[in-house]
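For clarity, chains are labelled A, B, C and D in written order, and residue numbers in each chain start from 1.
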Amino acid sequence: MNFLSDPIKVISTWLTSLLTGWGLSAGLTSVLLSLVGIVLMITAVMVLDIMLVWVERKVVARFQGRLGPNRVGPYGLFQPFPDIIKLIIKEDITPDGADKLVYNMAPIISLGSVIFLWAVVPIAARIYGADLNVALLYMVAAGSLGTLSIIMAGWASNNKYALLGAFRQVAAMISFEIPMVVALLIPTILTGSLSLQVITDKQSGGNWFFLLSPLGALLFLVSAIAELGRSPFDLNEGESEIVSGYHIEYTGMKFGLFYAGELLHAFTFGGFLSILFFGGWHGPAASTYPLLGVFYFVVKAMIGYWVIMWIKYTVPRIRIDHMLMFNWKFLTPLAFALLIVTAVTNSLLKGSSFYMPGMFLSNFLLGWITIEIMRFSSRKQRLAVKAPEPAVQH
Amino acid sequence: MQNPWIYVGLFLLIGIIIPIIPIAFSALIAPKKPNPIKQSTYECGIETVGVSQVQLKAQYYIFALVFLIFDVETVFLFPWAVSLNALPFFAVAEGVLFILILMAGLVFAWRKGMLEWV
Amino acid sequence: MAASQIIFIFSAALIIASAVMVVSSRNLIHAALWLIAALFGVAILYAVLDAGFLAVVQVVVYIGAIAIMFIFAVMLTHRDMRDSGVQVNPGWPLAAVLSLLTFGGLFAILSKWNGLGNLPAPIPGTTNTLAQLGLALTSPDAYVLPFEVASVLLLAALIGSVYVAMNKK
Amino acid sequence: MIPLNWFLYLSAALFSIGLFGVLARRNAVAILLSVELMLNAVNINLVAFWRYGNTASMAGQVFAIIVFAVAAAEVAVGLSLIYSIYRRRGTIIADELDLMKW
């Protein structure tokens, strides 16, 4: 067995033989090894999260024509560490009348719900946490815990701005969950599995699902941004109306956890976008050298994350009613139409050589029809609005 | 691991413990000097008026209702989508019918103006 | 004691304790949060029972949708959610006796039945229960009728509930 | 392995707690919360019997999913009714809603 071709297996075999050599039972050994793996994985994710603070600050600075952090370390690379020290030594203020237990649990669940996602992420060939056969739904389930943490934070803070922010955020998250789940159904139809391993493996050799269902990828991106609560859907943080949303009363490290959760969530959704529609860790020579696959995966996830940031710092915030209308009157019907079209095309063309162009064409046609319908209805709306009467000359 | 759920369970356990660590660490070394002004509800310096637990706007509730129904619908669609490649065409059509029936609900709510923000 | 038994006892304790808190807690938001804890315990049980799909669906539907609905409903119908009035009606001792009797009756019936010590047969490794579920839901000699009726039920619930909630009269 | 009766006893206990909540709570939302507990007790039974019976037939799981749909429909309609009553009467205490008694 070659270390480069299967590092996890080599290390785990070595550790298993070591531990069973000490007289531990096989079951206990495997649990201990999983624990070690989990702790290592979460630690790696958290270190990545800390670096994301730097990435985010640097990128937003570039978008806004600033330099960004540039004092601590080369290119300000060590800036997140003073930030963390500051957050830790800040006094933790709990507002009067707060519901203590719920108030303290909310940030933990918020970050936890994002960390949970990494249990099923296939990082590279033969490097993954659990190969769950319901991984896609597991992802949705973790997202619903995030929703719960937001409403807990908003309610327990005993602050009406926090509660209003939580209402808005939760309404947006649950509304956009429908198109997101439907977008998740599209890779499921294409592979016949909910397992992220299978979905990634079906995309080997450049056979990306983005080519089969570009509209599905777009739907997933839009609803993921709303699920993240990022601009243009960051209604919870309308600074001028409700200060900063559900985490207004949180200080110090508890606020830090919300912030870290948000950044990691964005990166994780970049990763999911790459897994579901852009081939995951697949790339040249990635299946023989998994460490190369890790590199490809992180690069693809970073590109997804960058797109999300790009949108965040380019598009202005939209109003809550427009946002919910956009979801229920446009995104949800479109998502279900896409689901029907994909299911029917898939079962009609399965196995034929026309499969791939057919899928692409059906998506293209649906997108075109949607644009035509929107043009038609907006023209009707424009015509329905009466032109202002010209001033009458006397 | 034989059963991936054991791994997931351990992951959930540790995933909850790890965020607690910085909070606990912060609680150990951060100063603690509470006073009534500091702990009052933060509303940008203005005194709080009325109860903090404001009433929910009914429109959010309507959207939550629609969401609840569609969420359960997607749960039915997942097994259908997984076995889609093994299904004959009429079974695919059954799933499509299932979607269409529920879309009728959305169209109803739309026509009745219940999706409007009032 | 096997690992699965320890997991069962842990989640059973979680379920029972949270269920007791659901019916006894004065603050309705707390009751809803305790309900979430109880439902999470049930999800663990589904995972123990090799029904992974139902476990995640339990979290998605109950915690992600139904519990949120309950919290919204409490916030909608309680102007001040911190009321600490009596939450049980005067007949609650009778209710306690009745539910204890129900439990006793169920317990007695269950202990008479002779399939109790049954142990589960291992599921063959090749079966994909999720795909089987999809086939069962759409094949005409299985459950296609409940499948379609469920969609009609959901449609009726959607129309009825939205209509009732929005009725301005 | 876990014997079947553990699940059945747990489910019976959960059902009885839910029954107590339905009978004893005054607030209509709390009554619906307790109904959820009872529905979950039923679901535990369904899934346990699926696992301990014939796993090739998916009846238990299918019925569990149908129960999810029923629970969702029940919550949607129930909470809407409660909200409607609250708007008309200003209360959702079940004892005070005695209009139908006369």
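We take it that contacts are C-beta pairs under 8 Å (C-beta built on N, C-alpha and C of every residue); 3 or more make two chains touch, one makes a residue touch a chain.
All of these numbers come straight from a predicted model, not from anything done at the bench.
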Contact-richer chain pair [B-D vs B-C]: B-C
Per-chain Cα centre nearest the global Cα centre, belonging to chain: B
For subunit A paired with subunit D, centre-to-centre distance based on mean C-alpha positions, whole Å: 33
Distance from the mean Cα position of subunit D to that of subunit B, given in whole angstrom: 21
Whole-Å separation of chain centres (CA-atom averages), subunit B against subunit C: 17
Where subunit C and subunit D are represented by their mean Cα positions, the distance between them in whole Å: 6
Multi-chain contact residues (two or more partners), subunit C: 3, 52-53, 55, 57, 60-61, 64-66, 68-69, 73, 75-76, 128, 130-133, 137, 150, 154, 157-158, 161-162, 165
Numbers and ranges of subunit A residues touching at least 2 other chains: 132, 137-138, 155, 163, 170, 174, 177, 192, 194
Multi-partner residues of subunit B (at least 2 other chains): 5-6, 8, 53, 56, 58, 60-61, 64-69, 71-72, 75-76, 78, 81-84, 86-87, 95
Every chain pair meeting the contact rule: A-B, A-C, B-C, B-D, C-D
Sites on subunit A touched by subunit C in the complex: 27, 102, 132-134, 137-138, 140-141, 143-145, 147-148, 151-152, 155, 163, 170, 174, 177, 192, 194
Of subunit B, residues touching subunit C in the complex: 5-6, 8-9, 51, 53, 55-56, 58, 60-62, 64-69, 71-73, 75-76, 78-84, 86-87, 91, 94-95, 97-98, 101-102, 104-105, 108-109, 112, 114
Residues on subunit C engaged by subunit B in the complex (per definition of touch): 3, 7, 44, 47, 52-53, 55, 57, 60-61, 64-66, 68-69, 72-73, 75-76, 78-82, 128, 130-135, 137-139, 144, 147-148, 150-152, 154-155, 157-159, 161-163, 165-166
Complex contacts: residues of subunit A adjacent to subunit B: 30-31, 34-35, 38-39, 42-43, 46, 84, 87-97, 104, 107-109, 111-112, 115-116, 118-120, 129-132, 136-138, 155, 158-161, 163-164, 167, 170-171, 174-175, 177-178, 181-182, 185, 188-189, 192-194, 243, 248-249, 252-254, 256-257, 320-321, 324-325, 328-329, 332-333, 336, 339-340, 343-344, 346-348, 350
Subunit B - residues contacting subunit D, complex: 58, 61, 65, 68-69, 71-72, 75-76
